[in-house]
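We call the chains A, B, C and D, going by the order they appear; numbering starts again at 1 in every chain.
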Amino acid sequence: MSDTISYPLVKRLAAEAVGTAFLLATVIGSGIMGEALSGGNDGLALLANAIATGCMLVVLILIFGPVSGAHFNPAVTLVFALRKDIAPAPAVTYVAVQIVGGVVGVLIAHAMFDLTLIQSSARLRTGGGQWLAEAVATFGLLASILGCVRWRPDAVAYAVGLYITAGYWFTASTSFANPAVTIARTLTDTFAGISTAHAPAFIAAQLVGAAAAFQFFRWLFAPPAGSRGQI
Amino acid sequence: MSDTISYPLVKRLAAEAVGTAFLLATVIGSGIMGEALSGGNDGLALLANAIATGCMLVVLILIFGPVSGAHFNPAVTLVFALRKDIAPAPAVTYVAVQIVGGVVGVLIAHAMFDLTLIQSSARLRTGGGQWLAEAVATFGLLASILGCVRWRPDAVAYAVGLYITAGYWFTASTSFANPAVTIARTLTDTFAGISTAHAPAFIAAQLVGAAAAFQFFRWLFAPPAGSRGQI
Amino acid sequence: MSDTISYPLVKRLAAEAVGTAFLLATVIGSGIMGEALSGGNDGLALLANAIATGCMLVVLILIFGPVSGAHFNPAVTLVFALRKDIAPAPAVTYVAVQIVGGVVGVLIAHAMFDLTLIQSSARLRTGGGQWLAEAVATFGLLASILGCVRWRPDAVAYAVGLYITAGYWFTASTSFANPAVTIARTLTDTFAGISTAHAPAFIAAQLVGAAAAFQFFRWLFAPPAGSRGQI
Amino acid sequence: MSDTISYPLVKRLAAEAVGTAFLLATVIGSGIMGEALSGGNDGLALLANAIATGCMLVVLILIFGPVSGAHFNPAVTLVFALRKDIAPAPAVTYVAVQIVGGVVGVLIAHAMFDLTLIQSSARLRTGGGQWLAEAVATFGLLASILGCVRWRPDAVAYAVGLYITAGYWFTASTSFANPAVTIARTLTDTFAGISTAHAPAFIAAQLVGAAAAFQFFRWLFAPPAGSRGQI
C-alpha cells in the first residue's frame, strides 16, 4: 500500500481508476442481484453484498497494490499523504480518478442489469448513529491497512476484504468508509444507494475516522524509546 | 499458471480434464442442491452455488496448477497462448479436453442426483446486459490471474476462488466467464443451465473480455522504461 | 500430513482422537443448531453446517497436523498406509481411535444440546447416486490432500476445509467422505444422521474413491522420466 | 500471541482495550443488524453474526498481535500467565482493560444503532448443556491459539477467526468463550445478550475449559524425550 514502487503516474492512475470501477461495480451489482433474488429478505441481500464486496477487495488489492498502492479510497490516500508516503500533487490526482472510476463502476453495474445508467438515490442514511458508524468504520478500515502495512504487508489484501465483510454488518451504516464510494452510491437508486443530501456528512465522518486512525496508530506503533525499530 | 513445468502433455491434459470435470460437477451439483433445499429462495441457492464454486476453484488450482497450469478454461488458455506461455498446438488440445472434461462433470453431477444424464437447458440468458456482464466477468477473471501471476503466484488459487464468488453476485450473468463451462451448462436443465441458442454470444463476449484483459495488463505491468524489471 | 514427525504413538493417537471428536461435535452440533434456527429452510441449515465444518477442519489440521498428520479419517489413513507413510500397525490403531473419537464427539454434541446421548438415525441415504457421490467426494478429498502434500504442504489445512465446504453442496450425499464420520453419524437422529443400514455402502464407496485417488495421483505426480524430481 | 515484544505496558493496554472494544462492537452490532434484517429467521441472523465476528477477529489479531499479543480475553491471558509468557501484574491489568474495552464496545454498538446505551439483558442462557458448551468452546479456542503458536504463528489470526465462526454454530451456547465478552454481553438486551444472573456460570465454565486446554497441550506438545525440540 506504500508509494515506493516506481511506476509512472499514468499507470498508477489507471490502476486506481480500474480498481475503483470494479469495486463500485461489485458494490452496486451485488446489491442489485442480492435484492432481486432474496425474496424481500434484506438480511440475505446484505450477506451477498458483504461477501461479494469483501472477496472482490482482496482480489483488487492483490492485482493493483504493487502498481498504485490500491487505495481506491480518498480517505486512504489522505492518510498516506499525511504519512508522506505519497506527495500532495499525485494524491490529488489519485482522488480525482478514484471518483471518476467509482462513477464508471456504477454505470457498468447499471448497464449490466439493464437499468437507467444514471439514477438519483432516494435512500435515507442520516443521523448521529449513522455518522458515528461511518467514523468507526473508517477508523477500523485504516487500522486494518496501517496494522498490516506495519506488521504483515502480505496480508493487507486479506485484512481489508475481511474487515469490510464484517463492517457491512457491525456498523449501522453498512460501512461505506470511502468518500469515492459514497459519491458513486448517490448515483444509484438501488440497494446500495444513498441520497445525495446525506453524502456530505458521511464523507465528513469518514475523514474524521481516518484522521483519528492516523494519529492513534502513529502513537501506538512508534518504536519504543531507545529501540532501533521493531522487526 | 504458467507453462514452465515439464510434465508430459498427456499428464497435463489429464489434469485439465479432471480439474474441469470437478469444476463443472461443482457448478451444476451445488446449483441442484441449492435449488432443492432453498425453498424457492434463489438468493440462498445462488449463495450456496457461489461459495461451493469458489471454494472448489481454490482447491483445484492448488492441486493441478503445478502440473498443467490449472487453466480449466479456453479463455485462460487463449491468453496464455497470446503470452507465448503455451504453444498453439498444446493450447488446442487443452481446449479440447477442457470441453470434454466439462461435459463429463455435468454427467457426474446428473448421475449423483439421479437425473437424466444429458439434458437440454431452457434457461434464457441473453441480451446486451448479459453480454456486457460476461465481458466484464472474464476481464476480471483474467485480471485476477495475470495480476497474481505477476506479483503473488502463491495467491492465484485464492484470488480466482474469491473472484468467482464475487462474480456470481456482481455480474448480471453470474459470471460464467469460461467457454468450456458455458458449453457444459447447455447440457443441464437445472439451476446453472443456459439455453444452447444463447451460448455462442456468451462465448464471444468472454473472448472479448479475455483479450481486453491481455492487452490492458500487458501495458499496465510492462516494466517502467529504463528499469531492469520490478521486484 | 505425513508420518515423519517423531512423537510417540500415544500422543499421535491422542491427537487423532481429540481431533476427530471435535470434528464430529462440529458436524453434529452445527447440524442441530442450523436446523433449530433455520425455520424449516434446509438450505440455510446446510450452509451453516458446511461453513462450520469447513472452518473447523482448517483449525484442527493446523493444530494436530504436526503431531499425528491430522488424518481424522480411516480413508486418509488407508492412503497414507498405501504410500508407506505410516506402517500397518499404527495405521490400525489410528483407525480405532478415529472411530472412538468420532463417537465421543457425537456424545459431546448431544450433551451440549441436552439431547439423548446415544440415538439411532432414521435418515435414509441410499441408492446409486448417493454411492457415486461418496466415491466422488472421497476421491476429491484425497486429491486435495495429496495435491497439497505434493506442492503446497502449508496449504493442506485450508484446502481440506474449502473442499469439504464445497463438498457439502456439490455431492448428492453432502460428502461424508470419511468412514469414522459415517459410523459416528449413525448414532444421531438429527440433521447430520444416517441410518445404520445405509452406512456400510457409504463406507465401501468411500474406500473405492480413496483408492482410486491414490492410484491416479501416483501416476499423475510421478516425476517425468529422466528428471531428478520436481521443485 | 506471546509476550516477547517490548512495547511499554501503556501501549499494550491500549491495544487490548481498542481491540476488545472493536470485538464487542462487532459481536453486538452484527447481532443487532442481523436480527433487524433477517425477518425473524434467527439462522440467518446467527450466520451474519458468526461471519462478522470471525472476519473481525482475524483483522484485530493481525493489527494488534505484535503489540500486545492480541488476547482480548481474560481466559487467554490466564493461559499465557500459566505459561509464564506474561507476568502476573501486567496480566491483571490486561484483564481489567479487556473488561473496560468490552463495555465500551457495547456502548459504541448501541450508539451506532441509536439504542439505549446501557441495557440489561433478559436473554436466558443457562443449564448443564450450555455450561458444557462453554467449556468445550473455550478449550477449542485455546487449542487453536496454542496449536498455532506452537506450529504456525503466522496462522494464529486466521485460526482464531475460523474457530469462532464454527463455534457460533457447533456449541449450544454460541461460543462466548471469553469472560470479558460475557460481562459485556450482559449489558445489551439484543440478539447477543446474556442475563447477568447467568454470566458467572459461563465464566466459570470458560476458565475450566481454558485450564484444561493448557494442561492437555502442555503434555501433548512437550518435545519427545531425548529430542532437542521439534522444528
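Keep in mind that, in the parts below, a contact is a pair of C-beta atoms (placed from the backbone, for glycine too) under 8 Å apart; a residue touches a chain by one contact, two chains touch by 3 or more.
This structure is a prediction, so every number in the text was calculated from the model and none was measured.
Here the chain-to-chain distance from chain B to chain D, counted in touching steps, is 2.
Homomeric contact chain A/chain B is classed as different-residue, with under half of its interface positions used by both copies.
Taking the mean Cα position of each chain as its centre, D sits at the greatest distance from chain B.
In the CA-based superposition of chain B onto chain C, the rotation angle is 90 degrees, rounded to steps of 5.
Centroid to centroid, with C-alpha atoms defining each point, chain A and chain D lie 28 Å apart.
Computed from the mean C-alpha positions, the centre of chain A lies at a distance of 39 Å from the centre of chain C. Residue positions of chain D touching 2 or more other chains: 41, 44, 47, 51. Going by the touch rule set out above, the chain pairs that meet are A-B, A-D, B-C, C-D. On the chain A side of its complex with chain D, the touching residues are 40-44, 46-47, 50-51, 54, 127-130, 132-133, 136, 140, 143-144, 146-148, 150-152, 155, 158-159, 162-163, 165-166, 168-173, 216, 219-221, 224, 227, 230. The touching residues of chain B, counted against chain C in their complex, run 5-8, 11, 14-15, 18, 22, 25-26, 28-30, 33-34, 37-39, 41, 44-45, 47-49, 51-53, 55-56, 58-59, 62-67, 108-109, 111-114, 154, 161.
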